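You will see two complexes here that share chain A, one where it goes with chain B and one where it goes with chain C.
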Partner chain A sequence: MSLKDILSPFYAWKRTLEKPYTIKKPIEEREGADRYRGFHVNDIEKCIGCGTCEEICQNEAIDMVPVDFIHTKKGDSGLRPQIDYGRCCWCALCVDVCPTGSLGMSNDYIWVTPDPEEWVFKPGVDEKEWKDDDKGYRRTDEAWLLDPKLTPMPVMEPEVRKNTFDEMAYGYEVIMATEEASRCLECGICIDACPTHMDIPEYIKAIRENRLEDGLKILYDTNPFSESCGRVCTAHCQDVCALGHNGDPIAIRWLKRYITDQTADRRNEILGIGKPLPEKDGTVGIIGGGPAGLTAAFYLRNYGYKVTVYEQHDKLGGMLRYGIPQYRLPKEILDREIQTILDTGVEVQYNVKVGKDISLRELKDKHDALFISVGAQIGTQMPIEGIDTPGVLVGLEFLDQIAEGKRPNLGERVMVVGGGNTAMDVCRSSVRLGAKEVFVFYRRTEAEMPANDEEIEEAKEEGVKFEFLTAPTKITKEGDKLKVQCIRMQLGEPDATGRRRPIPIEGSEFTVEVDTVIMAIGQKVDSSMAEQADVKATRWGTFEVDPDTLQTNVHGIFAGGDCELGPDDAIHAIADGKKAAYFIDKYISKQGKNHAETK
Partner chain B sequence: MKSKELSETIAIKNKSEESWPAIQTDLDPWQPVWAQQKEFDLNSGKYVKIWHGPQHPGVTGNMSVELTLEGDVIVEAKTHVGYLHRGFEKLMERRKYIQCFPIVCRICVPEPDTNEYLLAAGIEELAGIEIPERAAWIRTLVLEMVRAASLTMGLGGQAGAFGLVPIGQWGVAHRDYILDLFEELTGGRVYHMYIIPGGVRQDFPEGFEEHVKFVMNKLEKLISDIEKVMFNNAVFKARAKGLGYIPPEWIEPYGITGTTARAAGVPIDVRKDNPYLIYDQLDFHKILGSASDVYERTTLRKEEILNSIRLIRQILERIPDGPVRAKLPNVLHWKIPAGETYVRAESGRGEMGYYMVSDGSEYPRRVHVRGASYTHAMAVLERLAVGNSIADMAGLMPSLQTCPPEIER
Partner chain C sequence: MEEILKRLDERFYVREKKQQRPNLLFVTVDKKVAVEAVTYLRDYEGFRHLVMISAVDYIEQNLFQLTYLLHNYQLHSDIGVRVFIDREHPVMDSIHHLWAAAQVYQREIKEMFGIDFPGSPRVDEPMILEGWDNIPPMRKDFDTKKYAEETYFPREGRFTLDPIKQMEKKNYPLEAEVKYEIKRVVRDNRDKK
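Entry: the complex of A and B
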């Protein structure tokens, strides 16, 4: 120890001359860093209430609670996160996992409140001073904990599939399906969007955990056409999938197909079909063996009723058979699926056209309840000159022919008119029939096309050419060729359906020379049988029903599917079938009880 | 039982001249301490029992030492913990892997990132995830920054324990400068939750490198000030030199690591012995002492801060560009293949390690945290305190670099 050791510590005094470290609050303010993890902010318009934040929060600080005044959109649970700041640890995992990117954190440092209750609040809903802060922690794309990339489905190359009606999608393999299933958040937003409310997160979980038997049972709880739906469903669930907001939605349809494909050979055994069912008094007649009718038949049979299906064709399946081409839904797949339904003990009378071969009233007397599910079987014709020229076909009749195995010669150039899924089926079938050039004429733009984006994309891959804002006005025959006069359109004000109305542009007429014209512009319902039993129909020809129960004005007669909804997709028909089965069961049970009381 | 390398080091050490007289160690360090405890007749009036902690600032956290005094001299010390038990190891068994990530940082307040790194490294090893190169560099930077922050505060704590209060304030203030950097980089000041399995959460914000350099210069200046005020201080020298001598023979049986071991001349440093992240690409060496007393340990800690500053400068100069995060599987149902692993890292206090077992489910089966504080504060302190004055007790604990939250993980 030296003198230096005694003097050296006085060096500390030098520091008194330096600027202090502290800030003089409130004269000076210090803002939090741009990334500071302060109280949460939530863009409630962007938030869909999927609850993934609640799921990941390790402190259970987040509760999803209903919020009254928000405008609930499609694919929105109507719930919003409520955060308890006595539990929150500000880790921001909820921000990093948020599928929509609505959740963030403000960079506010200090908040003083005397009321302990205020520490539990709903960010973005309750008024806070940092509500609209744009600084603070936000997730970057790199920090996002979820996987926005879809596992692609292996499909036939466009050049190969152009020449064949064989099924174009090969189906997922085990690894692909597990990978895709593991992307699911289990938020359940999809359940609400599905018309028949399939328990999607549960069966995806079953795939993830390789419990395909359980998966199949879950599918059949709500949908006996799962195998077909796994191929051709319009997948409303995928439209609302939480992951779809910032990436690709889960391929729910392909996963459903995966379960049914993998368990196809043991289906009856897994589902216990063929075992004795409970028997109930009462018979139900089902008119039309399409998806709605057969779904109702399946569930009613499982309730224990005797079910008879009246089918006008010699095969069941309705639009699934006659409206959807082989390359999307192979007939043998449909056959084995229908066989499962028939194996429950459903009776079928083929080649019976109700209204002609047997009247609706006769059937009404014969059965305790009736379910009308005749679909929308008549293709709409355009009111233009020359529509009955030979070579002008109706889309639905054309698909019908192909389904029955006919392969008509369309020539080299084919014009398809329409923008729906039927138009896509028609144009892609035309390609497969050997047409060199196929044009789709649609009177609005691509954005307004009702067909699925995937279908449009695949049609383009197969070489189909699209002409938007164009409509035919006159068809004439010259020699072998058809001359179609067309006119250009422009979009005007939105109409009742919310789509912008096309208005013809004067003087923009032009002529196209083609071999065949196929009209795929819509379908109509044939409800002529309705009057035989005084059932009311709407002015569009559809059956009028109580939307809650699907019962028509005549007690005991129910209607559902396309014949009640107007032309729609298979899954809505299936949903109607399931709903009708439930209410028919209620109706018949109540009848029995009433009889007992009156006696 | 002893490793060859260690035994040799100890042998060399024994031959060398002792700088400071050692406490007579008649007890074999391989014998359990409880077998050697004596009975004191408290009714004799000769002894008095007092509790040092849990509210004593010299305890560096919520633990207490039950002291039996004979006059001013400690004749027996028993450590008591349990004031801060949060059960993180058990909590993790009930949480998915990603949910463990926000809680491990709370195991040690001054040095949370080592825990974050070890959990992430363990998960990555079990799941077979490769992290991007830049992420490894950023992780190293974060670990060195937090080591500097923790040691700076520790230096202040050591000074404060001997009555050099301004240095305690300087230390805490300069730690806050580093915390400002963490706030900028990670969004959190104390609990950063930044090193996530797969990499780090986000890349540097704009201008971050410049801010780091600025703070490092400031810190370097502080150390030179402390050098004058603390290390060349007659009072500090008088009290710290010769206090709390740990013989090199104790290092292995007690499991002493970090600067505490290096101050005894035993070259243990995980960064060199078992290089992780990018430590093998950095230029530094083990800092060794010999005297093994409080003064030597404090000096080494100061040197470690300077070393960290040098490492941080190297990292900023050489850090490569690229992504900072590898894509994880869906963390909501992330199953880790069954297996077990032990990952370790050098924290400011010594070796920190995570022993992790996965049974193939979404939840860790077992996570065991090995921290240096457990050894230093629970076992060594009981031995070391005996024979010292009660007044030196406050200075002894910080010199062992104990952090009670880490004991009670």
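Entry: the complex of A and C
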């Protein structure tokens, strides 16, 4: 033992007169470090109530609960996390996983209350003094537990695809699909946004676990056009995807395509199509064999009704065939998908135009119920001088021709008027037909364009040029060229649709010389058959229905799809077809008949 | 350390060794020579300080592993002496005669893993688990969640809602009804023999 060991206890006495290290009351609060993990904060405007925090919490400390002033809406469940601090261990996994980045932790850690119930509260909702703290723990990009990057779809290079109508997207391979599927959080916020409410997280899970047969079955529960939708769906689901808030949304559409691609050769076997279906009394006539009509046919066959589809063309598919070009949806794909629907035993009468070849009244007498799904097949014309000059085409008719296999010569310079998906299909088809220069004239700006961003982007890649805030006013023919007089626009006050109204700028007229003009400015419904059975139509020419049941004013006649909605996308038509099947069954079966009537 | 390892191996036969850092070595020796090895390290090699005793449950191999971590003040080095014992007969010789502090570790290991150290003072008395009536809680076959659910009651008034169901209820109750019935009809037909 050294001398130091003996003396050291006495050294302590030298501290006798120093300021003590104990803490005085009232306690002087010491602020936590800048990134201290204290009580939670939540930006409730940013939070979408996806419940991923609840899912990851190892202590089951988080519940998703409704909040009075937050309403459930598209992309937001209206629920907000409530944390039980009797269970929370401040591990911050909930913060590190949060897809929107709304959840964080303040650096406040000193708080006490004698009421145990107060230890359960909703961050960001309940008033706490740290509610708006900026300091504390926040998720960093490195610590984020999610993968914000999309697995890219392999596509044909723009220079190659400009010269061919072949499909431009090659489809995911196994490893890509698994990788993309593993990004999904299964929160299900997307299900609400899908018009037909597909069980998206369930089929993505099936891909992840390589149960593609189950995946296909899940698709057909809600959508018999899954293969087409896997290619051309407008994907409202992806608009609300939780991952889309801080990264790329899951490529839900491509994952759906992956399932149908991989199971195509055994589709009927997997789905049990061809097995005897139940038989119910009653026949249903379906007018128009597009996505709405054929979806209704598929589900009505499953109910056990005899179904006859009346189709004015010699092929089925409606807008999927005549409106969407081959490079986005190959006809062979559409054909095999429709074949699956027909294999349930649907009868089809081709080349029958209801209203002309047979009246709506006659069909009404022939069937127990009718579903009108004729779509919006007439291209809108612009009321300008020279619109019927040869060389001025209507977008829908042009696409129709291409679908029939015709390849018209458009010349070198083509002007496409319009800003919707049809305009994109038209301009991109024009490129493929060999036009050297293709211009899209749109009277508003790119921000107002109704076309999907992806479509616009791809059109640009293919060399399509855009002229915004411009509209044609007069077309004349000089020699073999078209002279189009145009005027510049500026945006004024928002109109009824919420988009800002374009106003012509006086004196801004100019003239463009082109070979062809294609008008793709809108579609109209031909509802002339309606009066044959006293069915009401709206002043826009669409069929008027009870929005709940899709029944028109005439009992037993239902309408859905574009002819009821006005021009819209395939997935809305499919949703309508499914709903119509349900209410037609309710109508036909005795008990349900009352249900549909009392609605 | 290499010298020490060599001498240790000659005397007690080191089954496995792992040089974690220049001044941290782990050795595995047989159960029957473990206390001798620890004694030797303390009295001949200067590892005078018992840092701790720890245990791991290797349930898959039906073994417990004990680690005696010893420190040498002169060398500023540590040796962990590891020993595997049969999980079915979890008994180990006590080392409380070498370090009085060992009795605390041994009492704790007895309580948490059920490994007995006969002769160690107060080894059978509970340390923190008064009135414990279950298998020792640090054993891998102890289901913490199940125990918690059976023993404690959840906080009253807590409930949670599923975002998917909430959106169905609030945004599209009718369409949800349509969806579930159609789904049922389609599945009935498909899964029929």
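Worth a mention:
Convention: the second predicted complex is superposed on the first by the 566 of 599 C-alpha atoms of A that agree within 3 Å, B and C clash if a C-alpha of one lies under 4 Å from a C-alpha of the other, contacts with A are read in each partner's own complex, and residues count from 1 in each chain.
Keep this in mind: a residue touches a chain if its C-beta (ideal position, glycine included) is under 8 Å from a C-beta of that chain, and two chains touch if they have at least 3 such contacts.
In this text, all values refer to a predicted model and were calculated from it rather than measured experimentally.
Once the two complexes are overlaid through chain A, chain B and chain C clash, as defined at the top of the document. Of the two partner chains, chain B is the only one touched by A:6; chain C is not.
Within the superposed three-chain model, A:347 lies out of touch with both chain B and chain C [touch as defined at top].
Of the two partner chains placed by superposition, A:526 touches none, neither chain B nor chain C. In the superposition on chain A, A:146 makes contact with chain B only, not with chain C. By the touch criterion defined above, A:63 lies against chain C but remains apart from chain B after alignment on the C-alpha atoms of chain A.
Of the two partner chains placed around the shared chain by superposition, chain C is the only one that A:275 touches, whereas chain B remains out of contact. In the superposition on chain A, A:579 makes contact with chain C only, while chain B stays out of contact range.
By the touch criterion defined above, A:79 reaches chain C but does not reach chain B. Residues 155, 157-164, 166-168, 170-172, 174-176, 178-179, 181-183, 185-187, 189-192 of chain C are the ones that touch chain A when the two sit in their complex. Considering their complex, residues 95-96, 98-103, 164, 166-167, 170, 173, 176, 180, 183-188, 191, 193, 201-203, 205, 225, 228-230, 232-235, 237-238, 323-325, 327-333 of chain B touch chain A. Note for the complex: chain A touches chain C at residues 49-51, 54, 62-66, 71-74, 77-79, 84, 86, 117, 120, 187-189, 191-192, 196-197, 217, 220-222, 271-272, 275, 277-278, 299, 302-303, 548, 575, 578-579, 581-583.
Against chain B, in their complex, chain A makes its touches with residues 1, 4-6, 8-9, 11-12, 14-15, 21, 32-37, 52, 55-56, 58, 89-93, 96-97, 105, 137, 140, 142-143, 145-147, 182-186, 208.
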